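Below, chain A partners chain B and then partners chain C, in two separate complexes.
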Partner chain A sequence: MAANTLLSNEELERGRRARSVRKHITAYGFLAPAFAFLIVFLFIPLIVAIYLSFTRYDLLTSPEWVGFANYETLFQDPLFWQGLRNSFIYLSVTPILIVLSISLAIVVNRRLRGVYIFRTIYYIPAVTSVVAVGMIFEFVFAEPAGLLNGVLTSLGIIDAPINFLTHPNSTLVSIMLVTIWRGIGFYMIVFLAALQSVPEELYEAAALDGANRFQQHWHITVPGIRPSIIFVAIISSISALKVFEEIWVMTDGTAGLLDSALTLMFYLYRQAFTNLEMGYAAAIAVVFSIITVVFSLLNLRYLERNNHEPEQP
Partner chain B sequence: MNLSSPKTADIALAAPPRVRKPRGRWLGKTGWYTIMVLFGLVTAVPFLWTALMSVRPNSANVFRANQPPEIIPYPGLIGWGEGQRTATQEGSYTALPWDGTLPEGTGLGWWRDYGDQNELLLGTTLSQYAFPATTANYYRVWTDVNLPRYIFNSLVVAFSVVTLQLLTCSLAAYPLAKMRFKGRDTAFYLILATLVFPDQLTLIPTFIMSVNIFGFADTLHGLIIPFGANAFGIFLLRQTYQSIPNEIMESARIDGASEFGIWWRILLPLIRPGLATLAIFSFVGSWNSFLWPLLMLRNEAMFTLPVGLAFLEGAFTGNLRTVAAGVMVATVPIILLFLVFQRQFIRGLSGAVKG
Partner chain C sequence: MKKLLVAPLLMLAAAMAIAPVAAQEREDRPNRDLSGNFWSPTEEDYARWRVIDGVEDGATIRFWPWALTPDFEDYLNQIIANFEATYPGVTVVLEGQPAAGARDNIRNSFAAGNPADVINMSDGWVAEFAEAGVLLNTDEALGAAYPELREEYVDGAWEKVTFEGVTYHLPWYLAFSNVMAVNGLIAEELGIAAEDIPTTWADAYQFACDVREQSGGAYYAYSFPWGELAGLGVLNTFIGEGIPVYNEDRSAVVFNEDPAAAAILDEYKRLLDEDCIPRVSLTDDVRDMIDSFSQGEILLLQTGPQLFRLVEENNPEVFESLFLGQQFVGAANITSIGGVQTLAIPASTQYPNAALAFAQFVTNADVQTAFSREVPIYSSNLVSYEDPFFTEGGPSLTDQLRPLAGEYFSTAVNTGILDFPQLAEVEQIVLGEFQAALLGVKSSQEALDAMASRINAILAAQ
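Entry: the complex of A and B
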């Protein structure tokens, strides 16, 4: 620029620096409101959580440093192991959800009249609150007047009502069914979006090569939507690990008879907010987070590795 | 067959203009519709069952021994307001289970008992499946627990959270997407890292701070402020900003617009689809959130809808019809909202996932 020739190098440098400072002030100004919230309600609590896990703290007296005592107690706590076991059992909703929602996405990914109406209906559970869904399924599972028991009894399939939510053997499984029911539509939409980006021509070529429908989906659909499968595997296994609301609602806040539906997250809630063992609960939260992060990484690794294998033996 | 071989790919690419073969012939249209309807029933029946429960006049089992189930509602005791007692006395049946427990009132409101028979159904085989439906459960849940108050609280919280998140996220995502400055990548990775850690880790310290330091217990702003920023939202909007060409901002800068002016007047209108997606997600998330309000609220007047709903069962022990009416009131509006905005919902979800 012509004007620059009138300025000394020093002035130029000063101008550049001033512009740079102004640029940084603008950028950080834009970031500031969000970071204020994130720092206070995310970053600080993250550090405090780790600190608390090494203390004994009941909200009333100040935290007392106890070293690794919480973790030592934790690993000898039968309820912790029960929660861990139940959380891992709960994880089995993930493969079921993936298979069912991919199948459903394949079904609705065709040009049929009215297919949009079905897609919409399938998505409705995903926008309904977990609390409402839990209560709806209390009506479905109720004994003896619930829908399932009523239908099964009048069809003569069962003689006595099944205690879906009150028998220790069936409580967790019944709640898992609800999670699957609520999740299918949501993940179906995720997979549908992915399916629509798989080129149609690939199927035609495969059909020419003599692949049957199942082979087509196994060799084209599944590799084609692998990023979505990874995404769903991670998201749904995290939400399976941290399941809480369904259990709270459907067992009326008790985690079921004999703690049969006690998951890790529920145990955390109970220790923190019923027993006021904040330090101990923080230790559960730390262990829980490590499990979650490790699990996400495993999912990512495993599904990524499969990606590099040849598609045809 | 090797699908990844170049040969097949060439064939695929060279394929003549997409002649769409009707795939799915092996099952046929009827087959696909059957599958879709069956799964539609699996989705819809629990809702329909709840709706059925919510209009039942009494606690009798829908499935009666050796008789057809009562699953077809026809108008029975219909109305709104106090004065329901008068209606039942004048009406042809008095099977209402809570006689005398509704607030006293004579002639207030509007009630009419259409009787325990329906002319349309009378004499048909359907009549043995029929029962007189009532709106009394809805009236009771609307008045006996403060359902309008819960809805109001939920709306206040959800709208505030949406507004706040739209503001903070759209501000923060702009420099992350469009500016060059020191610490940008660090800031971005910090935000990404928070997505990896489950929010359960921060639950306890956030609770302690909120109650002991900020005094958030039993307040509505205690349900809003902790959710003032959303790492996922920043991530989402950053991608929306990146799709906008830099030239638009450059020309505005040459025209002498300030960065804030560019953001407010030019960029915000352009990222509207991203904002809509974020708004929908944060609205549904806030409207449905349960654990945090459960921890924060003791005072019934501050309850949000999910918390109020969860305690309905305690309030109406044994009266599941009233609870069912409450569930309907809580779910139907959000389902209607979804039906109205379903395009944005689904496109937003797909966009957010594809990234």
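Entry: the complex of A and C
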């Protein structure tokens, strides 16, 4: 009887193990396609990029090992620093985008007739092709009689046209406006979804306590949608650091006069696909990735720390 | 009964599917000559076209034209049909590349070790492949082996792109570099006749300010596409003004040593500062320049005639008013060869003779004349210009240019500015320093000195 029981326990144990193995196999089976995809399209390219950053490679002939030469050149390259500086300047679109899209989300988060039409209209730029956006803004920024210059001149605000894209000091700012215009609708939708999860009673209670609209939003809305703010801050920062399309389209692939709109990503593209300096471009990519990861971690840490701070009584 | 009916119908459908499409007239190709030897070749034509020896029997070669399909697919298919009849046993596979990304596609095909056997490249693209040593030396393959065929090509086009003095392409179709079109509506409004328009750049600078003043600021005389072409255009301008770009052994550039070079940049800066030319010249490419001209803001357009169709599409009223003027020339009184489309053959091709035969076939006189009948581009084969199609003009603007083409291309000068190693970097250097001079960041002489010094550093590193 005891032997039978022992045997039965072993069988039970084997059965458990077999079920556990089957469960793991099933789980790994489901994970395998995604993992294989990541290996092929992320990890291998990443490793190859790191390897290429130590080579001189023109795409047409075999890579030649050059050690740290690309990195040494990179840190002495004024265009690299100009690109880095412009990329960080471009980051200033993030707070502007957050403030404007939260404001817009609050405006369209009302029970008004036709509000869905406004939401749709505000979202249209997010789904408009960047080439079309480029054509629109070429007209908006055109000189001497584009939309903006024409309106400002006819209102008597300016005497001479503003050189939106033909002055080195204004090119980057003009393109940042395009990014803000494109991004605002998308982030508005994110914040709108977050706003709808903030309980209405909190606003009613705050109103009873005498809080005005601004105080209600500052003390209820902002804390209530903080996770979305963190999400938007991180993804919009990464997008701003990676900006390429708008610059390409608005400057016809030149990065503007005197490379005034040259960002790090644009410089990477130029080195890789115009100059065929793949090794050098890979070194830029590696440095750029490190900067992006460090920046995102700092961003996350700062915002999450604020998120966990207790509310003042 | 049904089977009896269906079977012949299926056979007929299958036969229609595999039968070659008969050449057709097309409304958008008014000059197409279906009775000519290209669309209706004879055995004699095939024998005449068969000029390359040792073509590999059973070869299948891939052909990559760019920006020509689907618009010119019937023309390209006819080339292939004619070629396969000329060289039986060789098969050509047409793999047309879209204009966008064509250069990257070619690079990627080489990187993957699988380039096509005959590749259409714009002249500015060839240098990087030649520099990497992946293209067939056509000076040897055709120039030395078939000198009589080499003689047929326009010299300036054959030499348009060389690397270390060697040519790595066969020139295909050409464009006039500059033809002067005049907006007749503006000319009439301002009372400007053809003979009032200057013919030299020296006079053209002041003319720009005169037109601006005369029109009360309503019109500009002309604009520049500096956003796109400054890199090479400014060096072309120097050559046009008789300023040597290189030293004698081409080991260094010396244009900065001639004060006339700085004077040109000073003049450009004056035109910009005094609003005699549109400020957007700094950033415009050729397409933008044509758009501005089409909008009726600019009196003169100096560009290739093949681009006049853009004016027609943008503004038929302006197009209808156009008349031809004399192009501006510099002190050296030369015309430079314009854009050259080339055919390059990878050095690694499995069928070098078949590929060479096909590239030569595409660029022979008959095939290129037929192409000029499709669209107003010009043949790189001088024999084409003996054809009545070229010796006789016609009523339209582009028709009027045809009789001039033979002389133009036989005398047009190759300025040799595409021969720089690391051409893309040289272009960026020239563009950046050119902009620095025009924006007043540097004096013209400082910018030219910096330009020359940076280019010479690249030349010295070779």
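FYI, the second predicted complex is superposed on the first by the 274 of 313 C-alpha atoms of A that agree within 3 Å, B and C clash if a C-alpha of one lies under 4 Å from a C-alpha of the other, contacts with A are read in each partner's own complex, and residues count from 1 in each chain.
Keep this in mind: contacts are C-beta pairs under 8 Å (C-beta built on N, C-alpha and C of every residue); 3 or more make two chains touch, one makes a residue touch a chain.
The structure presented is a predicted model; accordingly, all values stated were derived computationally and were not measured.
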item: Touched partner set for A:D252, first chain B, second chain C, both or neither; value: both
item: First, second, both or neither for A:E143, with chain B first and chain C second; value: second
item: Partner chain in contact with A:N169 - chain B first, chain C second, else both or neither; value: neither
item: First, second, both or neither for A:A34, with chain B first and chain C second; value: first
item: Contacts of A:T120 with chain B and chain C, given as first, second, both or neither; value: first
item: Chain B versus chain C as contact partner of A:F273, first or second or both or neither; value: both
item: Partner chain in contact with A:D58 - chain B first, chain C second, else both or neither; value: second
item: Contact residues of chain A, present in both the chain B and the chain C interface; value: 59, 142, 144, 252, 273
item: Chain A to chain C touching residues, read off their complex; value: 58-61, 142-144, 163, 165-166, 168, 251-252, 254, 256-259, 270, 273-276
item: Chain A-facing residues of chain C, complex; value: 104, 107-108, 110-111, 128-129, 132-134, 227-228, 278-280, 282-283, 285, 288, 422, 424-425, 428, 431-432, 435-436, 439, 441
item: Residue numbers on chain B that touch chain A, as the complex places them; value: 1-4, 8, 11-13, 15, 18, 20-21, 23-24, 26, 29, 32-33, 35-37, 39-40, 42-47, 49-50, 53, 61-63, 69, 167-169, 171-172, 174-176, 179-182, 184, 187, 190-191, 194, 196-198, 200-209, 211-212, 225-229, 231, 234, 259, 263, 284, 287-288, 290-291, 294-295, 305-306, 309-310, 312-313, 320, 323-324, 327, 330-331, 334-335, 337-339, 342, 345-346, 349-350, 353-354
item: In the complex, chain A residues that touch chain B; value: 23-24, 26-28, 30-31, 33-38, 40-46, 48-49, 52, 59, 104, 107-108, 110-112, 115, 118-125, 127-132, 135-140, 142, 144-145, 147, 150-151, 153-154, 181, 185-186, 189-190, 192-194, 197, 199-211, 213, 219-220, 228, 231, 238, 241-242, 244-245, 248-249, 252, 265, 268-269, 272-273, 278, 281-282, 285-286, 288-289, 292-293, 296, 310-312
